[in-house]
Amino acid sequence: MEPILKLRNLKVVFPTNYGVIRAVESVDLDIGDRECVALVGESGCGKSVTSQSVMRLIESPPALTQVDAIEFNGRDIKDYTPKQMQELRGKEMSMIFQDAMTSLNPVMTVGNQIDEMYMRHQGDSKKEAREKTVKALELIGLPEPRTRANSFPHQLSGGMRQRVLLAMAFACMPKLIIADEPTTALDVTIQAQVLKTLRGMQRGCGTSLLLVTHDLSVVASIADTVYVMYSGKIVEKAPVKDLFNSPQHPYTVGLMAAVPRLTDKKKTFTQIPGTVPHPARKPSGCYFHPRCEYATDKCRKEMPPLMGQGGGREVRCYYPLTAGGNM
Amino acid sequence: MRDILSMKNLSVHFPVKGGLPFVKRGVIQAVSDVSLAIKHGETFGIVGESGCGKTTLANAMIGMVRPTSGEVLFNGMDLCKLSREDFKKTRRQMQMIFQDPFSSLNPRFNVYQIVSEPMFIRGEDDEETMTDRVVELLELVGLSSEDLYRYPSDFSGGQRQRLGIARSISLNPSFLVCDEPVSALDVSIHAQILNLLVKIQEQMKLTYVFISHNLADVKNICDNMAVMYLGKIMESGNSDTIFKRPLHPYTQALLAAVLDTTFDEKREQIILQGDIPSPINPPVGCRFWQRCPKAMQGCKTIPPEHLQVEEGHYVACHLVNGFPDVRLPDRYDAPVDGSKK
Amino acid sequence: MRTKQPMHKRFQRGLVKRIKNTGLFIKRLWSHKQGKVGLILVSFLILVAIFAPIIAPYNPYDVSERTTKGLAPSAKHLLGTTINTGQDIFSMLVYGTRVSLIVGVTSGVCIAFVGSVFGVMAGYLGGFVDTLIMRIVDIMLVIPTLPLVIVLTNVLGRDFWIIILIFVALGWTGLARTIRSLVLVLKNSNYVKAAELAGASRWHVMIRHILPGTSHLVIMSTALSSAGIMVAEAGLSFLGLGDPTAISWGKMLADAQSGGALLFGAWWWILAPGIGIFLAVFSFMRLGIVMEEIANPRMKQTSSVYKIFKSLDGSYIEDVFNSMDDDQKLGIPETARQGGKTHGTHLEA
């Protein structure tokens, strides 16, 4: 099947006084129809820059971008003018941010903000738009949607605000939604609610979802395919089940082990030694080698290519781990 | 074992000021009627969602917030009744590690100044002794003496947190409050800091109070724990017992809401309805009843008591303890459909 | 356990550190392009003010030169002379520097001092003190300044110390307000909490954390309000409200106006004090802005993005991009790489 989004060879750098920051290095990304793709990585790995590049939200300056193709729904949008992009954003692709407080306008009622989406993109009248808004709010599970629509963002709780963002993102039934850490700021019980709603909406509307997160547990509960990023490069790509059952890149393995589980032993925490390299001073060879226990001389000298492993899996490692193998 | 710290019927209320002077609009009941005991050398976990009062409780433990009522006993001494001098002496034993490693270090200070500040405050002013001690502390937390004259902005989040830890143990405290020490850090750094905390605890025989919203962390690091909701303790006791057999519906829901990295398609989730109510006017009766999937009519009006159900396991829930023998409202045990509220 | 070192030794150590820090600060100012300009100009003005009697060729107060009335600039009188009294304008300009600088800098420093003391008190002590100070500030802010100044100068006299006093009395409020809000932020920061936990007194917190935390604001405000007050002083003198016995740039302008400089086309009489005022204000502004940049740890010393872009070599970036390429992809179909096109057209400029 032809993917909804095909990103080819995306490179983004930020020149600064301290040297060139290599934020994203040659990233390919495919998102299929009705698929939920997760982009996982730690802070500074380039996951947010990648997702914003898809929306063409990275401005130059400060960034310099080079890309072979951003194919969205069969069209290459890499050379779209800002006006064309505006047309596209909100209507065919939309975004959900982490901080609902700053992405909602504090002086407009949430209802009016969603109304605007309908009025701008579907040319509805104020009345029609409000009807749709109420319906949308009901759909995402906001209690008493008609009255809630008249409240201002600060009058809602964090979970409700995030739901409003969901309603806004799904308003025009876009083909693709990019969710950047949509539940990070929420409490566990609220996170579970919002994730369930997000998953339900995505399935119900037939939307594709690009989920950007650092939280592997969120990934496990909602994604279909996972890309793991480290220091600007994709290090592993796999269907979610395979990734969690048999991670192949040492970084993925370490990351999973580092997440504490309820089933772990007491007072011992598996850790990845060292820290993420500074984006302007990356090591030679494989970027992960200083922290990798399997690193050899080859890893220190050459960056391994992404290698296909069959079954839709790719891994950037000379010595991919196999289930039960050298683990 | 002796208790290092115990709280009896501790309440902390904050007035909410209205627009006019001297007019109170309400009272935030951040912590109400909490009784806990923390033993020497253990790690005591406090779990709860944002706004449940866990940070206020921690602040009350170390005397940063004056309790409205009740008492805090540190090694048997009531913190509120101590003289200024004694209080200062006692507080030397207590320190805190903060959540945000970025705002907890003064950007104008270098590492030496940051770590040596508590010693400086306590009247130490020989630079050589302080430098030696600072280097020793830095090595203990995994930094080196080369970092001595660098500034916080040169460090990553994990390293800053290490600095914060070095500062907090510089006075050889016996009681350390860790307020979400890892939640602002990256996953791969997370474990490093937790391991460091465990190592320091063993070396210095510290007692930790570990505040977190991450249940897995709490389970793995804590000996005993308490679950808080809207300023009240819902369940407390040995952490293994609680995780094995959670009795309070809130604890059960919290546990169920923890997403796991083990991929399992058929996991049952109890998803709580609704949001945490405002602590300004908390519900009468059980504070959790509006969201509780098993709420009964009686829960609306009768506040449950925090009672022992088995050795060292306390629960505040009518479902477990049964209703006290007072005049019950009609149909007190009829279920309330929580989802409609 | 407490081994206090003798007081004078501690003091000495502190002093050495202060001097070292100041030296470092000036060095950093010097390495900043705009800072250098400001620094040079300000030191120039200060030197002129100090050595005025040596620099000035004539006595500017001498109004007895009947023969030199209204001369245009020449080698003898660099900036010409006044029309009505025949004073040497260059000498007046040089002496005017003294008044302007003294009034400007003294009031600037006093404002910074008073403003920060009250601001920190209000913010850090809170409660009644806070309410009291802030109400006073509110009242001061709504009083119309100019009429008040006119009244006060008429009542108290026009000695320039009194003028400084008036400027300080009216000028500290704005700074106090800004500092208070900054202190409120600092007061609640975790590092202050950590210090309090370690047993720090209010005094310690105030001296070690709060005051240094506000320093960038105070430094900037000193320089900027100095500049502002120089203009204000010129304005007052121009209105005839300045010290009538001292020569200041504002008074020179006022004299030029009343002496008919415009009428007789004596442009030098107006230009000279104008240049003086401009130079002084410009240099202090520069200095103030740069000082804030350096003193504020949160403002990283990055030059503008555009400058970085301009300094970049296009081929270097091309190399960086190329170095990111994966040479081959093993076992993954459909990825023929062509060289991409760089977006970010500023490179070609």
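Residue numbering begins at 1 within each chain, and the chains themselves are lettered A, B and C in the order written.
Keep this in mind: a contact is a pair of C-beta atoms (placed from the backbone, for glycine too) under 8 Å apart; a residue touches a chain by one contact, two chains touch by 3 or more.
Remember, predicted model here, so these are calculated numbers, not experimental data.
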item	value
Chain pair, A-B or B-C, that carries the greater number of C-beta contacts	A-B
Chain at maximum distance from chain B, centres defined as averaged CA atoms	C
Centroid spacing, where centroids are CA-atom means, of chain B and chain C in whole angstrom	47
Whole-Å gap separating chain A and chain B, where each centre is the average of the chain's CA atoms	32
Where chain A touches two or more other chains at once, by residue number	none
Residue ranges of chain C touching chain A (in the complex, touch as defined)	301-303, 305-306, 308-309, 312, 317, 320-321, 324-332, 335, 337-338, 340-347
In the complex with chain A, residue positions of chain B that touch it	49-50, 156-159, 186-192, 194-195, 198, 213-217, 219-221, 243, 253-263, 269, 271-276
Parts of chain A lying in touch with chain C, wherever the complex brings them together	8-9, 11, 13, 15-17, 20, 22, 25-26, 28, 60-68, 78, 232, 303, 305-310, 314
Contact set on chain B toward chain C in their complex	62, 64, 88, 91-92, 94-96, 98, 100, 103-109, 114, 117-118, 121-126, 151, 153, 164, 167-168, 171
Interfacial residue positions of chain C with respect to chain B in the complex	1-5, 10, 189-191, 193-200, 204, 208-209, 212-213, 297-298
